[in-house]
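Presented below are the structures under discussion, each in the form of structure tokens.
In the two complexes that follow, subunit A is the common piece, with subunit B as its partner first and subunit C second.
Here is the complex of A and B:
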């Protein structure tokens, strides 16, 4: 330990002559050692739970969802190739493939985001603030697995500069940074993130040559009962895999359950299925794509982090029990969503009695489809952008739940609503706080006896 | 040399300031935050921005010089109406000219050209400057403010068309090889909100360079 301390002391750059290097050094130094600074004047109560520790808790709470999401990328990929149909078959390969897809995303977001953070910290003469660590982990988790890296880089830069640094850095932002990055991709490159297609990573990466998947797939697709037309078109005449073949998406229905429900109602979600032919026994096996188990375990196309509902619920519990995420927001958000969803169900029965429509999807399934739980656990509870007062948090969460469900069900253009609902309520959070404070002041004023 | 020094320059230092001030220190869009509505609406491509900028320069300059020359005859009570009549007449003149000589552009800008009449910059300059100054400084002030508006408009239009459509003035600028590589046009840049972001960033950049604009509060 002493060795590292001595080393750090020896290489400390001069703050005046090289502010950028000093910021870097300072960030690394406080990463390893608690700073020795003490408060000089006034009375302060200090908690061991500083910003760094809070942020790390959130990152830890996300890990289960992250691992599940990584496995799911691989699962979607291999089932699109007609392999490993069951959720737990070939899980090691799925994990490896998912990790290879996921790591570049994480690295790009960190390099771009932290680079900008460091630049602004050096410019302002601050030490580096840790707020971005959570955002940097959230951004890859709410992107489609096949999103081009340059888009992620631009979106991250936009979010950090416009949503955060322009407002004054960590703790000052009005909008959730991770969601700003996603909303940028959502509006700037809508075809990447529409929820209809493109949620499956079909990139041909290193792993395929290691596994020899190409040979396996060509032979094996030729024997498919339906002639393997869709899959054949991924290969050129010489049997070479065409990397980034977008034809695959047409062949493999990659619609998310929400995308299906928006077009064909609940029955379309339940009818969706896929066939996997066992390469050894040649027996065809039909899997229901969105069975309740699959919805819970998240083996379906979608954004990376939101898929495994059990993992997300575990993360939400960690946050709620440790007090980092507000249970008030989570609870009231569920209540808001359930209330509106039940209202929708009743409305749907009267509006479309004999028709299958998105509005009639049972309300308890609404909670397990799409990114509701992920948004609840990790997005809505962001302490910076949420309301600060306890009562305000209840209104804030309820508002997100209600608005999000309305956007999800009634808006024909977007199949999912939580991103827009949370950004919308982020803007209203200070107003909610204002009214809560005012009502409190009024209540207490009424108690005062005028002499 | 003495001759040159004694000759009165066309534009005195004060006159030059009338033109240069609105370009930076007192820019109508980035400092006074006037005329933002049209800056959002017409800047989706560079050609429209340029036409709009020219139209506003003409209207502010002509309105300023007109009002300034009749300023002593305008009863104070009805001055707003008189100003509006002058602006309206000028706007109609610009509209007719556009219809006659640049009909395709007119079709895209129709409403917004008509709405120059509500552009706060024009009315603001008449009230703040033309009503109290002689015609020549008023003309310079009108041109300066029109230019200050136009510069921002053209800059916004430049970025929006470049990143939103990959074109400038209708010509492909970004080579197709870049598109083959996976580049896609940015959809936000087509939406009017892009102008808000761009103008916000301009304000940020301008204030970080211009020390006079940094308010210490």
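Here is the complex of A and C:
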């Protein structure tokens, strides 16, 4: 213990002559050791909580959802080829595939984001702020699993520079950083983040090839008892995956439940199914793709983190109980979404009495499709971009729930709304606070005047 | 107000609400869905309706309370609340101490449970040096006009110096002895006037007299001449009041809820009948300064001393709650909010006793009973010493004898240093060397310095520490008491977490927004967000809980100075 401490003290670079080196050293030093700073006049003792601990707890709360998401990437990948149809079949391969698909994403986001953060920290002469710890984990979680790495790198750079550093760093930003990264991809490269093909990972990257995961799949497909399939037929000449590839199993579609519901209403979601032929018995088995259990456990295509609803709810509970995420925002967001969804249901009965339509999807299923819960737990509760007053948080959350549901259901192009709703309410949060503070000011003025 | 016909706006809203509710109930009936989802729909509807009714009740009740609080006392004909209290239904009185009086229950706050409370014993240690410090008072000129020189001998109550701008602020010697040193700090500002205490007491006679029979000018003159005037703290801004100021109210909080704070009931008990009489006499004197406007804040959670409960010529207010419920600022917020043009003076109970004693005997009796607290001291006790005493040697002895019994190994022990704080750990002043107390303080806290690195301290805290956050595991156990040290447990950051300050502030304020407007020097917001109602000690708890380790009290003082400079 002492040895490391002494070593760190010995190699401390000079702050003036080499600011970049010192920032790097400082980041590492404060990561390894809580600093030996003492209070000056003011309070003489301080609470044990600091920002590093706050941020790491958000990251920890995300881990269940992360693991579930990783397994699900693998599950969707293998199921598409007819391999390992059951939830627990080949779970090791699924986990390995998903993790290796995720790792480059996480590394790229961290390298780009922390690199910029570090540059600005050294330039401004303050220590590296830990706000990006959370953003760097959130950005991969809200991307489609197959998104190109360079795209994520550009989006992360854009988000960190424009949404954060331009405003002065952690604590000063107006827009949620992770969502800014996603909205960048959404508007700059819409085909990569909407439609049917992007939500399932079909490709193999370098890591998969190196560690033999690709070989495993090729062997498995080629040696199927029913004659096997040629793996190469999945890709065109440029190496791009073909969506209509013949190796995909019968009835398979990468459409998310929301995508289906937007086109065919709730019945389309329930009817979606695929057939897997068991390689040993050669018997065909039909699976319902989006049963209620599947929706709950997140066995479906989509962004990486939003899948397993139970894991996300567990994360939300951790945040709410520890007081790190505001329960007010979470609760009012649910209320807002439910209120609008019920209103939609009522409206739907009047507008489309005899046909199925997105608007008539029962409101309690609306909550379990798409990224509603993930946005509620980890996105809306970002304390910097949310309202700063307790009363304001209620309005803020309700606003996100209501606006998000409107965007999801009534928007013709893209059947999901939380990203845009949260960014929208981010912009309005200061206004909500303004009104809350004005009412506080008036109330107290009245009290003083009565005296 | 409910009998009036509702406005068209309200009627429209009501119609829309009825329609929506009707639709809500009707939709599932016509839906061709399975019965299970109908059950879900109906049960959640029932839940929502109950919730709505409950919400409407609560909101109505709150609005009645709010509108009632804006009325003057004699116009308050509305019932205090829709919802009957426990007292009204069952006849149970939660606050038997307060009797039938109204109790302000302050439910927000935080009690930092520290080890090292003072034992209930009174000691009289010998004090060699005493210092009177101009720097203890806000708004003093840095170089006061000296009335004595080094080597002069002084009596108790003899004038030492006064402020250059306002020559009514006299600072007098709390002891008899010889001026040993006039210490100067940066830019030759006088930081300490140090007096060596002699064995024999000699007093300046101010003449005794019954304050009730004196006029205001006489009382003021006596307080200024004796140097007790500077103990008044004028809110807003926390300054020493001007001679000509007529206070709107004088407020005395009779209990201190700060960590390890002295127990004024006990202090009163040691002073016996005499102390009680002096306290009453002090109140009488204050009543001359602010007729009918002397207020006492009493603790409904613990039986206060009879001197407080049976005090005459003072309005009593009862409070129940954890820190900062004992702060005069917090109590004033609930009983007499301070506006920009108000002048409210606060005092501590032992200052009142000093004033009473002055009028009774004609002599200045500047001795205080000081609570000597802190987990790293042996023999923690109350000590009776002159105000401004040097306690450095005393603390060092007790710290050394505590360390001798400590079971840590010798190498670790050799690295431990301690910090003396005059006052409590939240808003006290760090004192060094001889350790001169602040003139107004009746509390000393000694705690270990935390200047040590802690491996992965931010992730895996290695020893218990106080916190309001449940992720620090020890905060979950209400029986835990802590040996706190002065480590900041993290580095300073920008404001990130919100709602934290409000959760420990039993006031209708938004401290974080107040601080932000101070940093932006936005005059109107600073005023509007209630800077007149707070002093540093009121926001001290916010600084303790702050995740971003912001210097809350320093920023608030900046804001107070900024507003003062603009007026």
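Definition applied: the second predicted complex is superposed on the first by the 394 of 451 C-alpha atoms of A that agree within 3 Å, B and C clash if a C-alpha of one lies under 4 Å from a C-alpha of the other, contacts with A are read in each partner's own complex, and residues count from 1 in each chain.
By definition in this document, contacts are C-beta pairs under 8 Å (C-beta built on N, C-alpha and C of every residue); 3 or more make two chains touch, one makes a residue touch a chain.
Quantities reported herein were computed from a predicted structural model and do not represent experimental measurements.
S.K.: Let me test your reading of the model: by the given contact rule, A:189 touches which partner, first (subunit B), second (subunit C), both or neither?
M.R.: In the superposition, A:189 contacts subunit B only.
S.K.: So, A:103: does it touch subunit B (first), subunit C (second), both, or neither?
M.R.: Neither partner.
S.K.: Kindly classify A:111 by the partners it touches after superposition: subunit B alone (first), subunit C alone (second), both, or neither?
M.R.: neither
S.K.: In the overlay, answer first, second, both or neither for which of subunit B and subunit C A:162 touches.
M.R.: A:162 contacts subunit B only, not subunit C.
S.K.: Which holds for A:150: it touches subunit B only (first), subunit C only (second), both, or neither?
M.R.: first
S.K.: Touch check for A:11: first (subunit B), second (subunit C), both, or neither?
M.R.: Neither partner.
S.K.: Taking the superposition on A as described, I'd like to know which of subunit B and subunit C A:410 touches: first, second, both or neither.
M.R.: Neither partner.
S.K.: What part of subunit A is shared between its subunit B contacts and its subunit C contacts?
M.R.: In the superposed arrangement, which is not itself an observed complex, subunit A uses no residue for both subunit B and subunit C.
S.K.: Any idea which subunit A residues touch subunit C in the complex?
M.R.: Of all residues in subunit A, those touching subunit C are 1, 4-5, 30, 32-54, 56-57, 127, 129, 131, 168-172, 321-324, 326, 342-343, 345-346, 349, 362, 364, 383-384, 386-390, 393, 433, 437, 440-441, 443-451.
S.K.: Going by the contact rule at the top, pick out the subunit A residues touching subunit B in the complex.
M.R.: Touching subunit B: residues 148, 150-151, 162, 166, 184, 187-192 of subunit A.
S.K.: Which positions of subunit B touch subunit A when the two form their complex?
M.R.: 182-184, 186-189, 191, 197, 200-201, 204
S.K.: Can you list the subunit C residues touching subunit A in their complex?
M.R.: Within the complex, subunit C contacts subunit A at residues 20, 23-24, 27, 30-31, 33, 37, 40, 44, 66, 69-72, 112, 114, 336-339, 342, 419, 421, 425-430, 445, 447, 449-459, 461, 465-472, 475, 484-491, 493-499, 502, 508-510, 512-513, 525, 528-530, 533, 540, 543-549, 551-554.
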